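Order of writing sets the chain letters: A, B and C. Residues in each chain are counted from 1.
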Amino acid sequence: MSGAGVRIGAVVRKEFIHVGRDPRLLAVVLIMPIIQLLLFAYAISFDVRHLPTVVVDLDHTPDSAAYLRAYEASGLFDVVGHGADPTAVDTAFDRNEAQVAVIVPAGFAASLARGEQAQVGVLVDGSEPNSARVAQTYSMALNQLYGRALAVEWASTQGVDLGQIGLVEPRLRTWYNPDRASSIFLVPGLMVVIIMIVTAQQTAVTLVREREQGTAEQLMVSPLRRIELMIGKLTPWVIMAFLDIVVIAVLGVVLFGVPMRGDPVALAVGATLFVASCLGIGLIVSAVAPSLDTANMAAFLVAFLPAFLLSGFAFALDQIPPVLEWISRLFPARYMVTISRSVLLKGAGFPEVWPQVAALAAYALISLLIAVRLHGRRA
Amino acid sequence: MSLTRIRLLVWKEFLQLRRDPLLLRLLLLMPIIQLVGFGYVVSVDVRNLPTAVVDLDQTVVSRQLESSFTASGYFLVVARPDAETQLTSLLDTGVAKVALVIPQGTQDLLARGQTAPVGIVVDGSDSQIASVGSGYAAQAIARFNASRTAAFTGSLQAPGIDARTRVVFNPTLDPINTMIPGLVAAILMISLMSIMSQAVVRERESGTLEQMFVTPIRPSEYLIGKVAPYALLAVAQLSVVAAIGVLWFKVPFNGSVWVVFVGLALFLLISVGLGLLVSLISRTRQQAQQALVFIMIPTMVLSGFIFPIESMPEAIQPLTYAVPLRYALTVLRGSFVKGSGFEALATPLWAMVGFAIVIFGAAVIATRRRIAE
Amino acid sequence: MAITGASPAAPAVSTQGLTRRFGDVVAVDGVDLVVQRGAVFGLLGPDGAGKSTLIRMLATVLLPDAGEALVLGHSTASEASAITGRIGYMSQRFSMYPDLTVAENLDFFATVRGVPKQVRRERSAALLDSMGLAEFGGRQARHLSGGMKQKLMLATTLMHEPELLLLDEPTTGVDPVSRREFWRVLAGLHRGGTTVVVATPYMDEAERCSAIAFLQDGRIQQQGTPEEITALVPGTLVEVSGADPRAALAALADLPGVGSPHVFGEVVRVLWEGSLASVEGAITTHLRAAGFPTVRVTPTRVDMETAFAVLAEAGR
């Protein structure tokens, strides 16, 4: 083996010993990703399915009861209570017992019998905007459908054939994820976020620790070149990160039914470059941070937050302000989320994801070079 | 207990903080960065979904249908391919997330009084968009149908429903209005836990903790001296967040200052307790950092801070009761958004009292015992 | 202006006008230094004199602001890679991996410095044995005592048999027995032809060096062999005993011909500028007159400590 190879090998072995001697670190690297995966994949869902609803029927007629049954039948609104008067709504909202309230005023049936537009009130608690918006949208659609059904019924008694009015019927198809399972959407992105957190956070402190221990100076007074040191430090983490990726991918396929539709080679190449980019960022932080505290804090800023917020793993990037969208391009996570989702869910290969792969390759190379330049500049 | 000694300890902590100007700057910058991130990214309202329209009908009706989509403001037409086959590449590359396919002969079918199927394709690899997009699409089509029916029946005096949907508490449905109160609690917790645990562990690492206990300083004085500066710092951080929230993001404050104060005070005790517990189980700052991440991530996910608890599977929901942040969020959001008072928020407030007694109490007893050893 | 392709005859270290500043502080100020091959060169001086800065510049860890240092014939600024494999540098503070064992630390640094596997095994066994660390090979470095830590660091710097050893206060904070052992090892290396540059605040260690330089405020005040240094001290060193030293010191201060009076344990030491013959009479007479009837005056050999105390005083 060449001199450089032997030296890099020595650093790799040493790094493995460090990890092996620190059981907590080992747990963070190998067990935490699994916990995070299970937590995120099971707990996070964007589908609003059950909206707790109170109904207040002041009309007490078969017509009003039939109208309110439409809410129960919808599957989205869970009728959790029947209020005697509108104050029940305030109480339910204040105690967070319901998010939607439907009030049918007295005279509902009478209005319908007169052929009028019968008024009803739908109240939505806006303090949870996401579900409030869904509640709003679906209650509007429900009322339009119900109103139309009433009109058709009435028309048939009048001998008018409303069937003459052709209707448009939506045929909804959800591509890539037909059941719209959140976990299938989340797992490919989660892989990226978890890897970013684990690797960047750990490498961010590695050079700081060498400096604090004084071993950085010892290494300077040796033929070990800086690039060799970096490669030696990266190799064990690349291996461990890969282990994490494999574990997450296997769990994703086995537990959550994530498909593997595309080219695994493209995914592997992307993942390798991505891991190298994360480590490059970690090393840059490590090279400039004056203390462990600062390194930890900085890693949180450049690894955790961008991976979580600006990767597109859960929050759509085309919906955020342009400035932030631009900033998101400065971090590798978003490219990898695209690759991972395209390959796993959309069946993509190199022809589709090459721009992202290229971006990551450039990223890995540049960040590593910057880290090499910044670390151990002789003062 | 001596006030002079406590003051001395507090002064020492501030001196140490000032020595590390980069750290101090990061500590003050952090809440602002989180505010921008969570404010503009997480609480974003899904609008202008990139939409591809394949209009194979090219008629008045097909154009009406399309405009009922675009008029809502939720769909932005980015492409008009000639054939359905072209959708594959548009969705594969993510150029479009939603597609509307109007088949040839739609107008004829409608004119003959038949049901005309219209294709709506959503990109399921992006759950949020798929969920919201399909909802809006259903609404747009329902409106299209309703307007057609109304045009026909309007003259006939047919019965119908006039639903007045009203959003109470947060009429603009702006997510930022619930995000900011949540962020206040989250930042209080992150900040206090991380700086507190780091500060105590650093003292142990450098051996000054031992030094401290050969002086007349008593454990309780030490604790107060250690907690006070960081509690102040955290209060400063969340004041910044609240101020930016109210002044910049124009978050309305509807509730009582006292409710917020009591809620935050209880939560502060809980966070300090958690920080101390972390420092007790960590020998090095690195370990403290790892323990912190171990606690923070489940807290963020399960508290309902970002992902609503109602959307979680029922098997997961009971777990959320073990997360103190959950109750702090209920109190702060209830107070900010709904203007709820002590009566309505009694349950979460009492839960926090319980957590404060258990966590802070355990932390103080354990720390004192550790110190006395 | 680096001299490349160094001949074997080049001195181990030679510096010209070597200068290093930290902000407003000039830590090393125009140092000209030559260390011949095979020397044990002592770099002496009080805390803050610039010893560490000078050593770290020679070890290629710090860059000079001005001037040049040639180590083994190569410039530390432009040819660091030609130097690092051939020197051993031991910093003042413990700088090994605390979570690696003694044997693992030795093996890691030797591998990085290109020592073949077979040689590594033999040498580490021999070194650990000769330093009394043989039974601690499997112990993590953080659990070693202070003296053992220093020995581990020395052993680490010796694994690749460097031509030049740069030691920065290797015995500070080490017990006297370990210090003596440490110097025994250095003496062995010296016999084997290794050049050693050692910074130390302990004057007694200077006596064991073949050449020394005295550094103060970043400048070299004196350099030469220990004999040459002591010879620089003007006059004769005499010890005055038999009286309360502090009182005697005060009484001697105004006696003409007496220089640098100072208390040394139970005696007062002064430098006598006159002839050796006249010293006893002059001092006893003076002190008797001052009320000290029973003093004894004995000339002694000038040791390093006194030499530097005197020379430092003269240098101010």
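Basically, contacts are C-beta pairs under 8 Å (C-beta built on N, C-alpha and C of every residue); 3 or more make two chains touch, one makes a residue touch a chain.
Listed by chain with UniProt protein names: A = ABC transporter permease; C = ABC transporter ATP-binding protein.
Remember, predicted model here, so these are calculated numbers, not experimental data.
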| item | value |
| --- | --- |
| Contact-graph distance - origin chain B, target chain C | 2 |
| Selected pair, greater C-beta contact count between A-C and A-B | A-B |
| Whole-Å separation of chain centres (CA-atom averages), chain B against chain C | 62 |
| Computed distance of Cα centres, chain B from chain A (ABC transporter permease), in Å | 13 |
| Between chain C and chain A (ABC transporter permease), distance of the C-alpha-averaged centres to the nearest whole Å | 62 |
| Chain A (ABC transporter permease) - residues contacting chain C, complex | 3, 6-7, 9-11, 13-14, 17-18, 21-22, 213-215, 217-225, 378-379 |
| Touch list for chain B against partner chain A (ABC transporter permease), complex | 20, 22-23, 26-27, 30, 33-34, 36-38, 40-48, 50, 65, 91-94, 97, 106, 109-132, 134-139, 141-146, 148-149, 152-153, 156-175, 177-178, 198, 202, 285-287, 289-290, 293-294, 297-298, 301-302, 306-308, 310-313, 315-316, 330, 333-334, 337-338, 340, 344, 347 |
| Chain A (ABC transporter permease) contact footprint on chain C (complex, rising order) | 56, 59-63, 80-81, 84-85, 87-89, 91, 93-100, 104, 107-109, 111-114, 140, 156 |
| Chain A (ABC transporter permease) to chain B touching residues, read off their complex | 24-25, 28, 32, 35-36, 39-40, 42-52, 67, 93-96, 99, 111-134, 136-141, 143-148, 150-151, 154-155, 158, 160-178, 180, 182, 184-186, 188, 197, 201, 205, 209, 290-294, 296-298, 300-301, 305, 309-310, 314-316, 318-321, 324, 338, 341-342, 345-346, 348, 352 |
